[in-house]
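Chain naming follows the written order as A, B, C, D, E and F, and within any one chain the residues start at number 1.
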Amino acid sequence: MKTIAQQRVIVSLLMVSGIVAWMTLGVAVNGVMAQTTTEAPPATSAPAPGGTPPTAAPAPPAKIDTGDTAWVLTSSALVLAMTAPGLALFYGGMVREKNALGTIMQSFIILCLISVQWVLWGYSLSFGPDVKGIVGSLAWMGLNGVAMDQPNADYAATIPHQAYMIFQAMFAVITVALISGAYAERMKFSSFLVFSLLWATFIYDPLAHWVWGKGGWIGTNGGLGALDFAGGTVVHISSGVSGLACALVLGRRLGYGKEHMAPHNLPMTVLGASLLWFGWFGFNAGSAVAAGALATSAFVVTNTATAAAALAWMVAEWLYRGKPTVLGAASGAVAGLVAITPASGFVGPLSSIIIGAGAGFFCYVAVIVKSRLGYDDSLDAFGVHGIGGTWGALATGLFASKAINSGGADGLFFGNPGQLWLQFIAVLAAWVLAFVGTFVILKIVDWTMGLRVSNDEEQLGLDLSQHEERAYS
Amino acid sequence: MKTIAQQRVIVSLLMVSGIVAWMTLGVAVNGVMAQTTTEAPPATSAPAPGGTPPTAAPAPPAKIDTGDTAWVLTSSALVLAMTAPGLALFYGGMVREKNALGTIMQSFIILCLISVQWVLWGYSLSFGPDVKGIVGSLAWMGLNGVAMDQPNADYAATIPHQAYMIFQAMFAVITVALISGAYAERMKFSSFLVFSLLWATFIYDPLAHWVWGKGGWIGTNGGLGALDFAGGTVVHISSGVSGLACALVLGRRLGYGKEHMAPHNLPMTVLGASLLWFGWFGFNAGSAVAAGALATSAFVVTNTATAAAALAWMVAEWLYRGKPTVLGAASGAVAGLVAITPASGFVGPLSSIIIGAGAGFFCYVAVIVKSRLGYDDSLDAFGVHGIGGTWGALATGLFASKAINSGGADGLFFGNPGQLWLQFIAVLAAWVLAFVGTFVILKIVDWTMGLRVSNDEEQLGLDLSQHEERAYS
Amino acid sequence: MKTIAQQRVIVSLLMVSGIVAWMTLGVAVNGVMAQTTTEAPPATSAPAPGGTPPTAAPAPPAKIDTGDTAWVLTSSALVLAMTAPGLALFYGGMVREKNALGTIMQSFIILCLISVQWVLWGYSLSFGPDVKGIVGSLAWMGLNGVAMDQPNADYAATIPHQAYMIFQAMFAVITVALISGAYAERMKFSSFLVFSLLWATFIYDPLAHWVWGKGGWIGTNGGLGALDFAGGTVVHISSGVSGLACALVLGRRLGYGKEHMAPHNLPMTVLGASLLWFGWFGFNAGSAVAAGALATSAFVVTNTATAAAALAWMVAEWLYRGKPTVLGAASGAVAGLVAITPASGFVGPLSSIIIGAGAGFFCYVAVIVKSRLGYDDSLDAFGVHGIGGTWGALATGLFASKAINSGGADGLFFGNPGQLWLQFIAVLAAWVLAFVGTFVILKIVDWTMGLRVSNDEEQLGLDLSQHEERAYS
Amino acid sequence: MKKIEAVIKPFKLEDVKDALTEIGVFGMTVTEVRGFGRQKGHKEAYRGTEYTVEFLPKTKIEVVVPDNLAERVVETLIRTAKTGSIGDGKIFVMNLSEVIRIRTGETGDRAL
Amino acid sequence: MKKIEAVIKPFKLEDVKDALTEIGVFGMTVTEVRGFGRQKGHKEAYRGTEYTVEFLPKTKIEVVVPDNLAERVVETLIRTAKTGSIGDGKIFVMNLSEVIRIRTGETGDRAL
Amino acid sequence: MKKIEAVIKPFKLEDVKDALTEIGVFGMTVTEVRGFGRQKGHKEAYRGTEYTVEFLPKTKIEVVVPDNLAERVVETLIRTAKTGSIGDGKIFVMNLSEVIRIRTGETGDRAL
């Protein structure tokens, strides 16, 4: 009992000191804040050299486009809706009633936690000035120098830099939340908070830099040239593979394989899946950071792949088990969304049907196999996001076409086998970072505060044991 | 038992061969796909005739507007949300608990099924090159020639052609899903899938062509000139009247009129109705396919008519029964949304109040009358969409005004009685096609695979009998 | 019994005569409607004075920007989603099962009622031509002169006037709905309707004029210069303080403090809170009425403050009670949204963390104190909106910075203590109007029709007693 | 007085209630229960996991009647709750030592 | 030992529990039930369809007590569960042949 | 015949059912109940308000068996439902005067 009390104190102190630190920081940097509007414009708006003849107009300063900005803001809101209520309900409906609130809370509070982390240091680590291709520097901490009224042409030339920042914030949020499917129904709330904060900082932020950051070593913004339009490696492989590590380190839920662990509210899960689909248009089509041809194409293939994946999972289940299930269709849709994510800016609608159908099929197989292998990835974070993300990243190397996106690359089926190899390297890097990093963080958290709730608490459920609340009265 | 097994085999084979066919097709046309970006620009950008003096610039090629594109993409996402989660929950909450998932599944899987159908052949049949005013040709199968980066000025001059295509996809989806309110709680899942696919192909696609397709015989794009801004005939009359046919052909639910069949979860239904309202802004205001005055006006009248309809239903019920109900208000709102749909681009706010109030009143009467007539339109697909759509289509002929939309027409009350006649023809055509077509399709499906679940399965509920799942555990 | 019957008759008559009146009005003004497109353009497009040389183009007429319009329409839809389903579920989940539908209905029907009120006279009273700084005139009744195709530069220079009108409609709707948290579980439905209509007309409409109307005495559009970007005083103080008046006048719920009154469905409440967050981007970032730097900044600080507030409430609760709760986190998020609302267009991201954290903390304290004081603000309309709104309005006077919005003002921390004083005046004015006005309206309604349901009806629940429906069957 | 408990198929409740009312039973208490017996359950599947559910939804009716009415109640129950297929349920009869109506304090047959 | 079952109005549960605890009852088991009796039900309406619901929500309390406590329990139940209006419910008393506490295996009055 | 009612911890149901089936019990009826006893409840808090919840979720099993099987059933229940910690629950045994199988009309031990 004493240790529990102690831990509580420690955690409390941690939290409080965190909050206090933030506030101090806040006040301190307050002056800076006033300058976020006056970021020295980058190269794009450099004053034209004096001698330029008047007829040759100087390069116009990067200009904010209202249509593009409207679309990216809308997309940011859509991606927020993916985490809460989307993922919160998708996962919340799949657990047992006694853990419903606790599971919903995980998505909800990650949204809160990472939103603040992102503004304070996460965005800087991910997208700030490059440090050896590995990580962003801390120069943009507290959004110092991230303009609200000017674009940063490295990332998005026609919308305010802060619009790009907040759009990316939603990606960081949902990635951390996706992992919670793996450790659902048994993780201690305080440890969960600490784990999530560490994971975001030490896994997500660097990985995002590798793939999307200016100068990151993997991506197309100065790196090897692996393609990841909206986050196959950064979001789905990273969360899915980390989920696998969580499932292995935490071990199975009490009564796994013996007790009835049916989802307590599948309509809630379908609602969540539908909101994921809805929000994912922001995720993928928003990743064009402009409202034009590319966003349109990404929108179309996202919808098509998702539909095909749901049908494929349904058919696979129908053939294998004899009945098509609703949870299967919903899971298939999510698998399709996952798989099309990295490809969405590079492939056409017919390719997307194949990518989607493959996702539905592979992820269904993964889920079946899991129940044979016996590890307890409670809500299939790995089975859906790990497998679906890997398939999607590789499929991008197969189906990408410069006819769709001249800024991308051709894949194997369009005559460029090298791209598949690049995709493979990106996948491997993401797998290794996610698995090893998560393993280390979990072990540290386990040694210092413990990862799992006690058996009694698990029996009672997270809602009552962690929050003293019940979902339904 | 043998026949059931056989049917299962047949269905399975059908499904599999379908999927396989799609994939083959996919790979085959993959090359084509690369060309979706390079569609030969249509007439709008025809080369200026040789003799034009150089100073007079040639007609500028149709240009993509970012604001319009942002709005249409947003609207597409909104309309998706109408089907799932919107309609799925609206209907799902109204059935008994044992059918909750099965009912939700109907909307969800239609979204998947028709999304793929639309890309493969649906869009081509509806909007492809006209064949005698009756249907589109198959020239645009697999989106062949549907550009992602250029507008098709026949349909929307300032957004990519694919953006228009995906916006329309969501219309096809929800129309098919709306019918499910009529046969809820008793249709076999496999037959339901086949029915939906046939219905979309043989009823929806031609009807959409008649009214909206370039050259369709009914509409304003080269036809008689009947007005249907966002789908009064195409979406609501077609689904509602088809629902009536379903209710008549399938017969009543077991225990109808005797057992307690109260909605199992009305908060879910209100949630669904609210999401319908939310998404309907995309439906109606999005139908302007641009973000300007017309979209704004459509948005305003949509909201106003909906509100008025909910109040009208509530008042009617209060007077007639003594209590206003929540389901009544929600149903009234949906009735208002239905009725304003065809009129939304042609009428002003005060007219919209009358159209809405009329919808609330007429649909309430329809619902009362139904329970006297004794056919079992389980969730009032006909009572709300059939009646509301018919009223809306006719009301468009009464209240339309060129002062609102110079590209439209004046209605009876603005001095043009002929328009009402045109509206009447459109209504009649939609009724006939929907009723007869649905009747034929149902009979075919009934003869080959049977329409209803067995009595035991109906008693057990769709969730367990069709999907081996329970909504709540 | 007789009086009940009589009241019903009176109410019925009222309702009917209302509807009839509207319709008459509708038909009567129908002609006017046709002119809503042709509003004489205001000053902005005044003909250039004669002497201007032809080469110097006259000031271009205000032009509709598609990106801005897309954003404001999207925002309007988002704000609608805040009321229904957002608030409806947020509140609906917090009440006991027997009142679930009745509570949801309050938000839903207010959406209907005020949508119509706004079009008929509400918008005119709020934003119509100024009458002595106190209220708008009735000149714009029935949207007479509110153009669908031209901006009104007094309010928004780049979107159709009707787009601004409908965006504002959603604000009026949600404000009235927010109050329902205070009188939940005990108010008579008919009285509730009358109260809401009167409150909107006599409290909301004038207050909106004071703060935002052209010429209103408090705001920046010709008034004292108090800042309220998106509704701290107009929306949150007004609804929260009115809620306090309701709680005091109506008295406690039967069994308050003795019976178990736990929320019946907290997942529903979290869903509602998440939708509020989602929709609030429209509320705050939409209040820029353009899709540019200001909208972006408002979006960013909205998200950041909300996250910080949820964390602060959670930590406060953790320290004070020993466990962090899910309802606490959700409530904190809403408190943060409330508090950042008036500031969202004037402060930077680090300030927003402080504003948010303060909101989480102060509102938690308010809620704790309430349970000591013993008045029954059932769902803490005052505790969250009254306190949070007041804090936010004052904090705007502390943290506002012209570096963020040159059209705003500096706050105390940026060297302008006078602004805090202005904010204080605005707060005071809103408190007084809301409290006194609500008190008077409540008394009038109480005398004429009674405010509360009978004890038996309260025992039975609103769902059965007011609507003869049950939420779950 | 006798207390008669019957476990029946849920959709039979309306019929049973009507029939009992007809023969002069003025009250009953009903509980949703789950039954396990010879009737086989159903399968459920959620992603990779299958469950066999052996407890089926049943409705339990409790009726307290004067001794002389007991037999007719049992007969009526058998008649109206029977479908003939497995799982129709059971009737249990037991003695009560006392019955009291809370509202009035009446006891015995008069309390019914 | 006696088993006393009472069907009461749900909102009376807290009062009843407190009163029983006071007179020395250490345990009870409670079930949500639906009751049919003289108390009339309510109407419900969903779109065109109306239902008369005759089963009302009630709470069933089961208390097992030594014979000598039975009478006081019944009195207490009557006193605290009564509102005086129709539908207050019934009390049924029956004999038990044995009681066992699972945790310890104790039987008879000591098991209570 | 005897009717044996046991109030147990919900998560023990599967084990108990399996064990009872093994010793030859072919049917049982299960109800979700809430129990009040020596086991202390838990706190709940919603914003400013705290509640102490003294009723805990329990599962009630009803098994009717021939007299000669009763003792074994009780033993089996004790064995399988026991965790040793407070709140394991109680077993109540009472006599039945009659049992009937609705489907066939069989009575007595043959109805089980």
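Keep in mind that, in the parts below, a residue touches a chain if its C-beta (ideal position, glycine included) is under 8 Å from a C-beta of that chain, and two chains touch if they have at least 3 such contacts.
Everything numeric in this text was worked out from a predicted model, so none of it was measured.
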Chains contacting each of chain B and chain F, listed by label: A, C, D, E
Path length in the contact graph (chain A to chain E, fewest steps): 2
Comparison of C-F and E-F (more C-beta pairs in contact): E-F
Distance between chain centroids, defined by C-alpha means - chain C, chain E (Å): 47
Chain centre separation (chain D, chain F; CA means) in Å: 18
Chain centre separation (chain B, chain E; CA means) in Å: 53
Where chain D touches two or more other chains at once, by residue number: 31, 44-46, 94-95
For chain C, residues contacting two or more additional chains: 65-68, 70-71, 74, 260, 262-263, 265, 291, 323, 325, 327, 468-470
Pairs of chains, among all present, that meet the touch criterion: A-B, A-C, A-D, A-F, B-C, B-D, B-E, C-E, C-F, D-E, D-F, E-F
Sites on chain D touched by chain A in the complex: 44-51, 53
Chain B residues within the chain E interface of the complex: 94, 260-263, 321, 323, 325, 327-328, 331, 367-371, 380, 383
Residues of chain C that touch chain B when the two form their complex: 8, 12, 15-16, 19, 22-23, 25-27, 29-30, 32-38, 64-71, 73-74, 76-77, 80-81, 84-85, 88-89, 92, 100-102, 104-105, 108-109, 111-113, 115-116, 119, 142-143, 148-150, 159-160, 162-163, 165-166, 169, 189, 265, 268, 291, 463, 466-473
Chain C - residues contacting chain E, complex: 255, 258-260, 459-460, 464, 468-470
Chain A contact footprint on chain F (complex, rising order): 11, 14, 42-46
